[in-house]
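Labels A, B and C are assigned to the chains in the order they are written; within every chain, residues are numbered from 1.
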Amino acid sequence: MVDQYKKLGIRFMKKLLTVSLLSAAVLAGTAQARDYDTVRFGVDVPYEPMEYRLPNGDLTGFDIELGNALCDEIGIDCTWTVQGWDGIIPGLLARKYDAIMSSMTINDQRRKQVLFSDPYFTPPSAWFAPADSKITVPSKQTLEGKTIGVQRGTLQDNYATDMFGDVADINRYSTADDMVLDMDAGRLDIVFLDFPVGKSTLLDSNNGDYKIVGKMISEPKKYFGDGFGIAFRKRDKELAEKFNAALATLKDNGTYDKLYSKYFETKK
Amino acid sequence: MIDLQGYGPRLLQGAWVTIELGLLSLLLSIILGLLTATAKMSRSWIAHRLGTLYTTLIRGVPDLVLMMLLFFGGQIGVNMITDWLYYQFDIDIFININEFVAGVVTIGLIFGAYMGETFRGAFLAVDSGQIEAARAYGMSESLMFRRIRFPQMMRHALPGLSNNWMVLLKTTALVSVIGLTDMVRVAEEATKATHEPFTFLIPVAVIYLLIASVSEWGFARLQKRYNVGFGES
Amino acid sequence: MEQLNAWFTRLLADNEIFTAQTIGYYAHGLANTAQLVLLSLLIGLMLAVPLAIGRSSPRPWLKWPIFLYTYVFRGTPLLIQLYIIYYGVVFVEGIQDTWLWLILEKPFYPALIAFTLNTAAYTTEIFRGAIKATPRGEIEAARAYGMSRAKMLRRIVLPSAFRRALPAYGNEVIFMLHASAIASVVTIMDLTGAARFVYARFYAPFDAFLFVAAIYLCLTFGILYLFRYLEKRLLAHLKPQT
């Protein structure tokens, strides 16, 4: 009695195999030419003001505009693919897109996996707290027992975990947005963020009064790396060179400065 | 009535994504379920062991963990394979494991195990007297399967199927955690931008209830059709 | 024993990912998961028994509100319920100033509330089914003895309902264990949260998630064997006589 189930099973198995092979082939791109005339960028959204969405779904932000300007300079087309931060490097390596331009800090750990362009932006990080917070300077004593917010997997996460993980509670969020929401809700005592992002989402927002605690931090290099860079697959050296050249040109001809002052009022 | 602040269309798009995800996963899970039931009832001990291994693993690990394993690990795994293909054979393909595919595969895999149990019970419940009678009439195996086994099996399987679908529907919400823009994700985004959680989360909950009610009605009708001649089952 | 210890510490020290620090995170995560699951199951159970009794009562003003509650909580995803409670609670006017805030501030308690309400809804339905399935004979006998409804519930219906509900409740416990992974979405450092942390830090999805999957597998088997044992002890009278 069970034999025809076996036969059915085998028939099903064969069908399944062909369907999956066909779909793999269908999903496969044709052999990618080494010369890219369209570059696909991977970006994690939102991370205001670097990259974020307008309510109608359009992408905008410093990274987006700079990226588009660079592509114009090189003379190629760019498209933007949204990818969560957790999977952004695996996605690049899996050829889901060709470059990452998403406020990614250049550091040694990432250098093991990807190739970086020259740094295009080097913001410091800063601690932000409610305006009436009694914390004046971040240290093991002042942060003891407090709840710190960071975005999971960022340099701020690594820094905060190593420095204060044993005295404070660290809440790790998938996106900076989640963190800001909890901050506004009063669940966090203090957050550690890239300065421009904190400024845009906390200081300049009208959801509450916030202040910067202590000084802005850019050291030590072990955590803070060398600023934001565009990430490429290791074998795409030519592509990285093209972007470096374009970046230098944009910096020389004032396009970079214009974008910079559009997003970050005063030069640091 | 409720001001959706411009997120309305995207919410509906997200609802559609949820439905697509649910239906595709359902399909995959039914296929896997039939395969598993076959394997578990087969005389080959390998098939039996494989089937049991599959259902044990799936029922022992949380859905969310499987989803992340498949999505994050899957990209790297597939990447290792395509890299090897590239270096050995100079074949440059890429297989896209996006959030939707990862969601469908994960949910399909998970519920394939549960469907397997449902189908196994349903096949076993088919009255052997009917099979004997069919053989006595000289029916071929495939005719017997088409006319006798399958319809009767479906009658027994439908309640389990409908239960599994209800759970599957709710599991689709998890795909928002790995980043798929389904309606839960849109509601999340809207909440974060506007600081109004109830405005978006409650409509989403209502939509889930709506889909569930429609499904219940659909299954009730299917059950009536397959129960023809049997009275209240 | 000492040698084993030394070997283990060396193994941890050499390994880049499974250091003492990350194992610590997993242990912490395990503790959190256990707390969340056990507490929500316990409180949910205590809520479910009276709710199930109310649900099986003939009085409509008792039956329908409870039905509404179970319908909504079983018909919507746990993730949505968690979001509504976690984010929504903040927007109750002035809640930050009350004593409630001391509990609701930490993500653990909103998650506990969401999980408890969810499991209570499912458990209520399980018990209601078990109560409904009480053999007619037993009820008739109880009535013949002149037992009041309350006494009948206490002496006859509930004890046998508990036993009947055992298999389904065992499933519910396992579902709760798996559902608890969702807590990591609201920053709770449970088992899944630990895995996500390790993945984010070391870009090692297989190490991080396979390890945690293995832990969940062990926990699931533990619960499975526990319930099989309980069923053997308590449901022995229902087993087919050889």
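Just so we're on the same page, a contact is a pair of C-beta atoms (placed from the backbone, for glycine too) under 8 Å apart; a residue touches a chain by one contact, two chains touch by 3 or more.
The structure presented is a predicted model; accordingly, all values stated were derived computationally and were not measured.
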Remotest chain, chain A as reference, centres from CA atoms: C
Between B-C and A-C, the pair with more C-beta contacts: B-C
Centroid spacing, where centroids are CA-atom means, of chain A and chain B in whole angstrom: 33
Distance between chain centroids, defined by C-alpha means - chain A, chain C (Å): 36
Cα-centroid distance, chain B relative to chain C, in whole angstrom: 23
Residues of chain C engaged with two or more neighbouring chains: 87, 90, 185, 196, 199, 205
Per-residue overlap in chain A, given as positions that touch at least 2 other chains: 86, 90, 174, 178, 181
Residue list for chain B, restricted to those that touch at least two other chains: 72, 76, 177, 191, 195
Interface residues, chain B side, partner chain A - complex: 5-7, 10, 31, 34-35, 37-39, 41-44, 47, 71-72, 75-76, 78-79, 82, 91-98, 123, 131, 141-142, 145, 177-179, 189, 191-193, 195
Residue numbers on chain A that touch chain C, as the complex places them: 86, 89-90, 113, 152-153, 157-158, 171-174, 178, 181-182, 185-187
Touching residues (chain side chain B, partner chain C) in the complex: 57, 59-66, 68-69, 72-73, 76-77, 166, 170-174, 176-177, 184, 187-188, 191, 195-198, 201-202, 204-205, 208-209, 212
Residue ranges of chain C touching chain A (in the complex, touch as defined): 87, 90, 96, 101, 105-107, 185, 187, 193, 196-197, 199-201, 203, 205
Residue ranges of chain C touching chain B (in the complex, touch as defined): 71-72, 75-81, 83-84, 87-88, 90-91, 174, 177-182, 184-185, 192, 195-196, 199, 205-206, 209-210, 212-213, 216-217, 220-221
